Amino acid sequence: MGPPMTDLHLRQVLLALQDEYISTLDTDRLELWPEMFVDDCLYEIIPKENFDLGLPAPVIYCDNKAMLRDRVVSLRNANIFQPVVYRHFISGLSFQRMDAAVVEMQSSYLVINTNQLGQSMVYQTGRYHDVVVEADGRWRFKSKRVIYDTSRIQTALAIPI
Amino acid sequence: MGPPMTDLHLRQVLLALQDEYISTLDTDRLELWPEMFVDDCLYEIIPKENFDLGLPAPVIYCDNKAMLRDRVVSLRNANIFQPVVYRHFISGLSFQRMDAAVVEMQSSYLVINTNQLGQSMVYQTGRYHDVVVEADGRWRFKSKRVIYDTSRIQTALAIPI
Amino acid sequence: MGPPMTDLHLRQVLLALQDEYISTLDTDRLELWPEMFVDDCLYEIIPKENFDLGLPAPVIYCDNKAMLRDRVVSLRNANIFQPVVYRHFISGLSFQRMDAAVVEMQSSYLVINTNQLGQSMVYQTGRYHDVVVEADGRWRFKSKRVIYDTSRIQTALAIPI
């Protein structure tokens, strides 16, 4: 009868966490984004090409929550123009429980953006490599490595992915 | 251990409802689409630009089920050519229970269409703002507000989103 | 209170199976792909146009697991260039239990590919028509019919969909 009940329960928890992550970004509540990470966290964005070669030179690298908050402040100050709209879509979750309160997971993402002219295009695809931990009854990201396929990105890597 | 069991259960019910909604549209069973709404319902399509300014002048506005049925009849009569194929994708569900039988929910959607030449393109993205209610053991839409990002729509807003 | 608990449980099992299927493909673990099918299986890829006309002349047709394995071997030998990256996204699941251990299901898929220049584009959409069976505590595909919308495919139908 399929995977054990506990795995399906964990799967549901992880999918809910993913949906919370992308809906936080897509509804422009960026200030809540760093709060989805633990204090001592890692967030990086790496081209797939480099990652596959074992040369993970990240284009974005943040190794604590304060750096994530700084990024949001910068974004808020920089965004003086009508912002581009981003929509994230996630599929293909796989995961492995490492510990009662530690899970490694991966999922594919797609971001579509809509520019000031109202045109929507594929912006980026890639795969999230996450470690999530449970503390105080809530799951948060210990690390999120964004491995992106799309090296021809139309605009600067501005918003969090 | 993540959200309470009851919330994960409700989440499952809502995701199933969303999947039923989009698969009804994408398999061209349009006559079943109005039946997913309560009689006294609201369905509207609003540009995000207007919505954000608090000026929700909808491009489509239906405030009861009979109007939804009329739309389907019009579509069936109008579609004399080989129809365009639409595929909906949904992600980023968030929701809040307002009452035992009333839930507010949002989710991002992506529609890809394929034209008569067999070319598939991003047609539209946006976010659903829904109110769903439970009656007689079934959840239905009390209101569905389709807030779309893509103001440069290639073709007329023909089919339901 | 929505669909019965058992249906929601089955729904979870099927969604997990779908995610396993697409993450196997998207992480380039092609050798595991045939193992998701039973020995006496059917895998075919059919243009929607033909399928709708009741003339399902498949462009790909495999009626046992050995043929699927052969396809993977061919792909491994042919792929001497930097491979294109594919990402699958699934939505709109519908299903019907035919038997305790047999389920028919459908879902819409979207594949985005990224070429050697790092450009990501909509590659293909369509709908899976699957029959899955449970044996030895695991669900596998008895048949997978890939009904694709996108007849203008940019490159050869190389990888499994």
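In order of appearance the chains are A, B and C, and numbering begins at 1 in each one.
As a working rule, contacts are C-beta pairs under 8 Å (C-beta built on N, C-alpha and C of every residue); 3 or more make two chains touch, one makes a residue touch a chain.
Only a predicted model underlies this, so the values are computations on that prediction, with no experimental measurement involved.
The rotation that brings the Cα trace of subunit A onto that of subunit B spans 120°, given to the nearest 5. Look at the contact of subunit B with subunit C and you find different residues on each copy: under half of the numbers used there are shared.
For this pair, subunit B with subunit C, the centres built from the Cα atoms lie 26 Å apart.
Annotation for subunit B: residues touching 2 or more other chains are 12, 89, 91, 110, 122.
The residues of subunit A lying in touch with subunit C in their complex are 1-3, 8, 11-12, 48, 89, 91-94, 106-108, 110, 122-127, 149-152.
Across the complex, subunit A meets subunit B through its residues 9-10, 12-13, 16-17, 19-20, 22-23, 26-27, 85, 87-91, 110, 112, 114, 117-122, 134, 137-139.
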